[in-house]
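When the chains are written out, they are named A, B, C, D and E in that same order, and each has its own residue count from 1.
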Amino acid sequence: MPDLMTRKKSTTSQFLNPKQLPAVILELIQYNDNEYEMVNNLPIKELLEKLNPVLVNWINVDGLHDHTIIKALAKKFSLHSLLLDDITSDHQPKAEEYEEYYFFTLKMLYRIEFSKIEYEQISFVLGKDYLLSFQDKEGDLFNPFRDRIRQHQGKVRKQSADYLLYRLIDVIVDNYYVVLDAVGQQIEQIEDDIYTNPSEKEFYEIQRLKKELIYLRKALHPLRDALSKIIKDESGFIQPSTIRYFADVYDHVVHLIDSMDTYKDLTSSLMDIHINTLNTRMNEVIKVLTVISTIFIPLTFIVGIYGMNFNTCPKLATNTDTR
Amino acid sequence: MPDLMTRKKSTTSQFLNPKQLPAVILELIQYNDNEYEMVNNLPIKELLEKLNPVLVNWINVDGLHDHTIIKALAKKFSLHSLLLDDITSDHQPKAEEYEEYYFFTLKMLYRIEFSKIEYEQISFVLGKDYLLSFQDKEGDLFNPFRDRIRQHQGKVRKQSADYLLYRLIDVIVDNYYVVLDAVGQQIEQIEDDIYTNPSEKEFYEIQRLKKELIYLRKALHPLRDALSKIIKDESGFIQPSTIRYFADVYDHVVHLIDSMDTYKDLTSSLMDIHINTLNTRMNEVIKVLTVISTIFIPLTFIVGIYGMNFNTCPKLATNTDTR
Amino acid sequence: MPDLMTRKKSTTSQFLNPKQLPAVILELIQYNDNEYEMVNNLPIKELLEKLNPVLVNWINVDGLHDHTIIKALAKKFSLHSLLLDDITSDHQPKAEEYEEYYFFTLKMLYRIEFSKIEYEQISFVLGKDYLLSFQDKEGDLFNPFRDRIRQHQGKVRKQSADYLLYRLIDVIVDNYYVVLDAVGQQIEQIEDDIYTNPSEKEFYEIQRLKKELIYLRKALHPLRDALSKIIKDESGFIQPSTIRYFADVYDHVVHLIDSMDTYKDLTSSLMDIHINTLNTRMNEVIKVLTVISTIFIPLTFIVGIYGMNFNTCPKLATNTDTR
Amino acid sequence: MPDLMTRKKSTTSQFLNPKQLPAVILELIQYNDNEYEMVNNLPIKELLEKLNPVLVNWINVDGLHDHTIIKALAKKFSLHSLLLDDITSDHQPKAEEYEEYYFFTLKMLYRIEFSKIEYEQISFVLGKDYLLSFQDKEGDLFNPFRDRIRQHQGKVRKQSADYLLYRLIDVIVDNYYVVLDAVGQQIEQIEDDIYTNPSEKEFYEIQRLKKELIYLRKALHPLRDALSKIIKDESGFIQPSTIRYFADVYDHVVHLIDSMDTYKDLTSSLMDIHINTLNTRMNEVIKVLTVISTIFIPLTFIVGIYGMNFNTCPKLATNTDTR
Amino acid sequence: MPDLMTRKKSTTSQFLNPKQLPAVILELIQYNDNEYEMVNNLPIKELLEKLNPVLVNWINVDGLHDHTIIKALAKKFSLHSLLLDDITSDHQPKAEEYEEYYFFTLKMLYRIEFSKIEYEQISFVLGKDYLLSFQDKEGDLFNPFRDRIRQHQGKVRKQSADYLLYRLIDVIVDNYYVVLDAVGQQIEQIEDDIYTNPSEKEFYEIQRLKKELIYLRKALHPLRDALSKIIKDESGFIQPSTIRYFADVYDHVVHLIDSMDTYKDLTSSLMDIHINTLNTRMNEVIKVLTVISTIFIPLTFIVGIYGMNFNTCPKLATNTDTR
């Protein structure tokens, strides 16, 4: 939870022995309609020399703890100190225009198990002929898309860097659907259970889903605002023809928020059902108690009358003595 | 539920054997004030050749799984790839202007049984002299209106394609009233029941209606926004004289949302009544228990006193022995 | 309820035998500073011939089922087909500018009994020198005002048709105060009762008031929006000097909405009090049960000990036999 | 309550015998940097003759039932009929620009006892060189301020009539702080009580405070809007240098609304605590009941076994007879 | 609580014997890229003579009760009387442009103990070459930052006074994260406890956190508005290059509000869990009661039958006598 909530430097990158940290993965993909090259783990200096303004240059950095690399990139691309702060510390999704590039950061969602969601922050810096992407941990959702670039599928190789940014954001947003689908399925599952065989388990499941939706909202609402900012952008980093694609992603995020709100209402409804079930059961139990008591307590009294011993009753002792 | 919630390709159209799928129904209606022609199930190529810019050409496609047809249409009308995505996958209602046409998608509601609502997505592409409509399943609400065109009733034959779009949307929105009317009747029914003979059934009915209203809201709110976009449209695809008609549909949708909110408040109120009834009953039961216990438990005690045997009481055994 | 909720043609006017329907009442009031004439139930054709552009012509139609009349008016004043729809079917309050006139519709409230409110739709068409008013049923709130016109009281005779429209709307809105006052008095009454002698009756009264407020909101919120549209109107149908009067009505409606919201909060508060009273009582009852049980159940046990017969106890039978 | 809620003519001024009514108090204060004069209860005609455009003329009217006075003022200052309506009937706070003056009305709050708040409407008409103030009842909050004018304290004597209006409104708004402070103290008191010695009394206190806050909101929200209108005013009745002062009052009202919302949240929180305390207590009581019952009911049964008389049992009667 | 809630002069500074009050601490820090000087507790007159327009002059005042100092500063910098009011009395955060300076006030948060938050108001007046800061009590969060200035760390020495203001606000806002982090940790702690070992303590902890969040909202929402005003500022007191930094602080405050809302939802969720746990336990207890009663009350009755004495029963007395 604290990762999502508060803005602190990612502790791993600062206090651990750098030698124990996983090596930073540097990846450079360069392409245009005709050429394609991908190099991995070149030293940062050589990598920066390979940059070619004729091509689209996508530099992906996995791991933010190596300050040499971050500083080299910052120097090469004149990255603003506030931007570096936003990359290396936790930040809500946002889009920001700088003079020489466009900055975009959002949360990447993974569904670890059926019911566990993990968040990772990913930041993009979009220049005229390059795109930088920064993540803290290795592993992302882009491998199928990397293949598409290599194999020259779709129209990405014919487009410039802003289209590449759109495709990457689109991949991330599409994965939100997968996560939200799982939430929807769980709600349906709980609804079935709650009617057939209600128990405490369902209550805690609903609470867990509610919490998950609270975190999702925290990731989605600023994402919508950030995308809306891109759509209205007039900086020139996003070409007019690409704006329509971002508008499409924006639509998807609005749809996601709609679905999320619907799910929120559904979990509230499930809570009502749970509480009602609880109350109904309690009423049943109390009714049984009342029926039994109402029948047998008076009967016991009547029977007790017939069990009275007048001769042995202390108060009537004198009477019995005289008998 | 998942159909409504998430944006996935309609699986039927992609993974089933195309031969087992119902044939795609292609319908072309062409008219102006003097002429009228309707052809069914012409091969797509011949159909596209029949198009006549002098007439209003309405092409209706029932079934989205035949890629040949979709691609032919896309080529003929230069449909954008994002638009094709929106047609073939689930999408919330929206209106979008493209250079050569205007795109509109919304949900068509059917009331299957008294209390079951089905949603189907319908998409429209409006050009200068044509209107395309796309649905996934056969069957729609437009048959009475098709007759009106054929019989030259009303003024539709004198108007252009944008008025046709208005009429179709108006038919769909009018059907929302039917659905919402049914919801209103059910609320009244539940209210009657809850006062005269309350039971668990009413609670589940209220929950069902609440869920239905949640889904209706998901369909209606973006529809309002989409219509509001059309009203302010300046692209020229909608003529100024037709804008007033769309404003009227917009008014109806606002009215529907108002009614929906009212129904939502009424269901909440019903929930309160249900819970209060439950609590009151429980209080009654507990009161009975208390009255019975308060009367008979002390009486049983008093009666018990008279049932005491001092001579056989273990503690007093020595006393009785000495007697 | 369905009248208010859904947009359907008023069934009475369509399916009943016209001969059984009450006759449509046509009323024409013509005036300026010097002249005044009122005619009742002239045939529509003659009535329309009497119109005089020098005077303010107020035509009031009670009953919307005679299509001859509606059509004659529609032809004379070029009424738009959508406007006719809005007049004859149920519609939320709205203001709409047309080329040759201004359209305004709202709900007229009657308090039938102390606690029963009835809604009737009234529509106005304001032209340069005329005002049409349409109601479904006979009887309205305007009689005192009709007398004022005839007796040349106030300044209405010196003003044009837009001022007449303001006066009629003002009369209707003033009646909302009467209705809301009654709601306020009932809330006070319930509050008194709930503290002194709470019962189930209060709960159902609160629910009824809540429902009434839900319907009032449905009538008032769009009315505010419609009046706000009139205030900003620049069509010229409302003269600048009259705009201030409409602004005053607008203020009153805002005040009504404020009061309504306050009443809504007060009913919620009453609900809390009711629930608390219920719970407190239940606690009292359970406490009595507990006190009685805690005292007498152990006592009964003790007394039971003294009632034991060791000699007749089955288990101890052998002992007693040997005695 | 009805005073605050509904817009009706103050009945006192209309239906009572005017002779029984308290005399209307007319007060005229005239000043500039050098001169100062105050006259009381001059007949209206003479008073109006004393007006001097070189000075700031403040006419204060306590009592609105003398139509002669109101009419004389209305004639002298060309007061609009709608404005007169707003002065004499109950109205929510508002600011309105007229051609020759600026109109402002708000609620003056008095704290009668520790926990009782009274509302009185006060209306201002601000002209170039005069300020009219209208109240229904005698007595206001301005006496300390009247002394300051007389004694030439502060800078009011150097300023024009708009600054006088600001000072009067500021005095009224400052008194809201006193009232809200008392609410805050009561909330703290209740919070203390609810933890140490909770009872029904606290519940009714919370409800009373909630009601008070509902009424305060009704007075404060439109006041904020009215002040915001003044700040943006460009009519020239408020000088630019005075606008900053009104902005300050506006800030205070925003602060008051903030505090009010905070108090509302705190009362909700207190309600939760109260309900929780109630439930916890009930649980305690039921636990005692259960423990006692669980121990003694089985024991009573066991003891009952030992109290069985096999020889006298009706069913076993034949057995005992044969013994 | 009252400090935060109401706008009253800080009583300490007004009614206590000034001699008993802690001395006012006056601090002047002057710097540019080359020079640095800091003087403490110079008499106000000498201090003001030291001001040097070539340097950035930061005057920090701890203690607002010495009117000589406040008046001297007010005279030197032409501070507006309303601004002095805002400095010396409690005020919600705000930004306000004056002709010769820019005014900013906000709350500084301290976490006294793990779960106790203290608020202190701090006000800034930003001129072209100076920054005044006013606090009521000694001690602030700026010491590490004072060291950075002295040691010429970071770029503050190269920047002008507006950047200094940004840095100070940034320090204060960063401390909000610390406080909110603590709230987050407590929520997690409570969540753990509530599942493993729920008790009344958790309930009161949740209520305390809710109250804390209510106060935090009161400090954060107006702070966001004030910062948003600075970002859009065009007065020239904030240089365009510094605006970006304020935008960054604004982002942080938005993030804080987001987190705060999330925490609010989480505490609501915790409340639900608490209530559910309470209800479940009560159900368990009542079930035990019911099971015991249902088994033993009928058994006691049966056993009672066998304890009946027909010969000693009063009603049957005649029978036994005749035996």
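Basically, contacts are C-beta pairs under 8 Å (C-beta built on N, C-alpha and C of every residue); 3 or more make two chains touch, one makes a residue touch a chain.
Just so it is clear, the structure is predicted and the values come from calculations on it, not from any experiment.
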Partner chains that subunit B and subunit E have in common: A
Contact-graph separation of subunit A and subunit C, given in steps at minimum: 2
Residue-number overlap at the subunit A/subunit E interface, same or different (half cut): different
Rotation angle superposing subunit B onto its copy subunit C by C-alpha atoms, nearest 5 degrees: 70
Centroid spacing, where centroids are CA-atom means, of subunit A and subunit B in whole angstrom: 28
Chain centre separation in whole Å, for subunit D relative to subunit A (CA means): 46
Touching two or more other chains - residue numbers and ranges from subunit E: 282, 286, 289, 293, 297, 300, 304-305, 307-310
Sites on subunit C touched by subunit D in the complex: 177, 180-181, 184-185, 188, 244-245, 248, 251-252, 254-255, 258-259, 262-263, 265-266, 269, 272-273, 276, 279-280, 282-283, 286-287, 289-290, 293-294, 297-298, 300-301, 304-305, 307-310, 312-316
Of all residues in subunit B, those that touch subunit A in their complex: 1-2, 5-8, 80, 82, 85, 91-92, 94, 200, 203, 207, 210-211, 214-215, 218, 221-222, 271, 274-275, 278, 281-282, 285-286, 288-289, 292-293, 296-297, 299-300, 303-311
